[in-house]
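Both complexes shown next keep chain A, but they swap its partner, so chain B is in the first and chain C is in the second.
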Partner chain A sequence: MEQLKLDYKTILSNYIHNQNERNLYIGQNFIKRLIQKNVTPEEVISIHKQALEDIIEDLPEYTIHAYDFLIEVMVHFGLKLKEHQSLLMKQEELRIEMEVAAKIQNTLLETTIPNPEGLDIGMISVPLRKMNGDYVHFMHDHKRFLSIAVTDVVGKGVPAALCMSMVKYGLDTLEYANSNPSYVLEVLNQLIEKSVDDGMFVSMCYGRYDLEKDIFTWSSAGHEPPLYYHSRENAYYDLESKELLLGILPDVKYSQKDIKLNDNDFIILMTDGVTDFRNREEFDPRQYIKELALSCRHLNAQEMCDNIHKQLQVLHNYKLEDDFTIVIIKK
Partner chain B sequence: MDINIQFREEGNLLLGLIEGEIDTFTAPILREELEKIELSNEISVELDLSKVSYMDSTGLGVFVAFYKRATKEDVNLKLVNLSTRLTRLFEITGLSELMDIERGGIGHASI
Partner chain C sequence: MAEKVTVEIVTELDIVTARKLGRKQAKQIGFNKVDQARITTAIGELAKNIFQYACEGKIIIERINKEGKKGVSITSIDQGPGIADVQKALEDGESYGAGLSSVKRLVDSMHIFSEEGKGTTVKVEKWLR
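Right after this comes the complex of A and B.
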């Protein structure tokens, strides 16, 4: 500290005698050193006062009083600064924790896209922030049945991610790919309803694909309706349902419907992040997606997903506002 | 974007006019405003959504929470003047079957 005081005196003295850029620059660099050594603002003023007293012998009494006054009032400033620094440190700690949590979530919710014979499956799921509030769960018993769950938890970030882990374990415990979709939703609803608070819920579309008969059986709990493209008719069908979101009421019953898929038919399952055209209200989102998918139906399912995502990113100027998930199954 | 809610009482009916966009950022503000309402089984609540220009699922969460509280307190809650887009949101989530929702038209909740 003594050395710092002496250095400061020299720098200040040089500047008083010659107010050039170089001397000012030296002073600015010196302050950086003081900041590194955690010297408080009031201590800087105190150093300045002492240096000035040494340089100018007959410094008026009132100037010294004025400095003392400034030192006192700057104490509060110094405290605020310390508080700010400690907040920055805490913020950094939280950022690191979030990174770790996101990594854990990625591992937990990792999805492997099955590759059964006779069915082409593609998927893209892109979180808006670090943690994803969307989740896709596949189950394939390597025999006749394959199941797909596309899920969206209300909200984003950490609370959504925690809820999603619960959904994943719920789905895992159901174990069999051949369960009825309506049954799966009923069980999950019970589980979620017991565990979440009032403003929280989950939307899910659950489908089971019979690889022998090419029948897709689906159920929806408040989820964005899937799109079914019937190739022979060259027409889309909206797989609409008015059944309730998961987690709102206990003992909800769900229904299920069958679709027979023929060659070149495809089904698009998605979350509401895909159809949220907040800033492009001149477009009908579902119509737009239908056309996009149609224009790239010659591609395989994965390429279709990637292509639709890319086109929508362009449409929204690379500012998608929600977690974004599309699954395409194509016969 | 801002969210604004104004209330007016008409006998036993509490009318609320919500104005603005309901998304991740404004939903907590709306939630807080709705939580402040003192509910008792002598009143009915009608919320006018005609001036809600955008709502995402976070907004839906706010109304679900408020609906649950209203049901617990035995209070009639009605959402009125929903745009086509909002109506659809309540329909595909199954909430329109559960909650009392009235689309379009001129309601008497205008303030």
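Right after this comes the complex of A and C.
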């Protein structure tokens, strides 16, 4: 340390007498030695002050006070800087953990879009943050029935994702594609009501498609009403249902309804992230989506989903504010 | 100056008093300006912890001697909520240990005795080199 102080004094003295680039450069290289010796910023200032006192006789009193003040400030500054850095490190750890969690969620909630004969299905589900609070579950027994569940957990991020895993396992347990939609909702309601926090609710639209008779049977628990487009009449119908969200009360009974699909008819199932037009009161979101879908009905179901998503992204200036999920079933 | 001084920490002003007495003690023992600043900052952080988290407590500043070495010890005693997990408090500086992990860097040794619900005692030492 003593040698370090002496050397610093020499370097500083040289610079004071001749302010050239070479002396500055030597000063910069000196930093390496300071770091090797673990010298803290406040010590550097102390070394500087000492050297200055030695080089310049009669250093004014106020300059010395000013250096003492700087030492004092630097001790505290170093302290706070370390705290800040450790916070940043923690944040980085969390980010990495979150990424792993999102990957696990993706694997866990992965679903394959069935491709049955005579029915065209498309889907898009984009999370707002890393973890998705929406979930689409398909089941196809490769025989007569095919089922689709579109789910939205009220809430976002990690809590919603955890709840979603449970919904997925609930759906997996009811493994038959021919189950009645109302029955599925009743079982899931029971499961969620029992095991999830009071503040956590799930909305779900569950539909079963009969591939032999082209009948879509659906049941909804507080979910955004699906849109049904009747091609022959060139008209839309809202598949309304006023039934309770999952997880609020035990023993809720759900009803189910049937519709028959004819050629070129389609059904749009979605989550409320799609119809969330928060900042655009001049729009009727459902009407807007109806028109959008109509304008691209010549495309296949997947292309329709992608197209609607793209158009809405543009409309919202690429700032969608919720998890976004659309499923289209097209006859 | 006496071998040992105690400052009760009740108001924010007491933090300044503790710092003042600590600096005086450090100076008399013979610590240089940088170490004086470190000791004072450590006292300030400990006193601030008492003031913010425990409401009431005290800081004891003592001269210490061991094997011919001189030093200062600072003990902070409070009857606050206590620290449930000392290791965690030191690791990430959360909850009570707001400044604890940084105080540790300013001194030579640190010991924490804490019981949840009863209070915390933190003792740090710094030796003259």
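The criterion applied here is as follows: the second predicted complex is superposed on the first by the 267 of 331 C-alpha atoms of A that agree within 3 Å, B and C clash if a C-alpha of one lies under 4 Å from a C-alpha of the other, contacts with A are read in each partner's own complex, and residues count from 1 in each chain.
Rule of thumb we're sticking to: a residue touches a chain if its C-beta (ideal position, glycine included) is under 8 Å from a C-beta of that chain, and two chains touch if they have at least 3 such contacts.
Because the structure is a prediction, the values reported are computed rather than measured.
Participant: After the match on chain A, would you call chain B and chain C a fit or a clash?
Facilitator: Chain B/chain C on chain A - fit side by side.
Participant: Output check: A:G170 vs chain B and chain C. Expected answer is one of first, second, both, neither. What do you get?
Facilitator: neither
Participant: For A:L249, decide between first (touching chain B), second (touching chain C), both and neither.
Facilitator: first
Participant: Kindly classify A:E72 by the partners it touches after superposition: chain B alone (first), chain C alone (second), both, or neither?
Facilitator: After superposition on chain A, A:E72 lies in contact with chain C alone.
Participant: More residues of chain A are touched by which partner: chain B or chain C?
Facilitator: Chain A has more residues touched by B than by the other partner.
Participant: Regarding the shared-chain residue A:D276, is it in contact with chain B (first), chain C (second), both, or neither?
Facilitator: first
Participant: So in the superposed three-chain picture, is A:K82 touching just chain B, just chain C, both, or none of them (first/second/both/neither)?
Facilitator: A:K82 contacts chain C only, not chain B.
Participant: Who does A:P41 touch here: chain B (first), chain C (second), both, or neither?
Facilitator: It touches nothing on chain B or chain C.
Participant: Which holds for A:K90: it touches chain B only (first), chain C only (second), both, or neither?
Facilitator: second
Participant: Quick one: classify A:P181 as touching chain B (first), chain C (second), both or neither.
Facilitator: Neither chain B nor chain C is touched by A:P181.
Participant: Put simply, what angle do chain B and chain C open at chain A, by C-alpha centres, to the nearest 10°?
Facilitator: Reported to the nearest 10, the angle reads 80 degrees.
Participant: Smallest separation in Å between any Cα of chain B and any Cα of chain C in the superposed model?
Facilitator: Superposed model gives a least chain B-chain C C-alpha distance of 21 Å.
Participant: Considering only the contact definition stated at the top, list the common interface residues of chain A for chain B and chain C.
Facilitator: none
Participant: Which of the residues in chain B come into contact with chain A in the complex?
Facilitator: 24, 31, 54, 56-58, 60-62, 64-65, 68-69, 91-98
Participant: Which residues of chain A touch chain B in their complex?
Facilitator: Touch list, chain A to chain B: 152, 154-156, 197-201, 203, 221-225, 240-245, 248-249, 272, 276, 278, 322.
Participant: Please name which positions on chain A make contact with chain C in the complex.
Facilitator: 42-43, 46, 49, 68, 71-72, 75-76, 79-80, 82-83, 86, 90
Participant: Which residues of chain C touch chain A once you look at their complex with the stated criterion?
Facilitator: 32-34, 37-38, 40-41, 45, 92-93, 99, 101-102, 105-106
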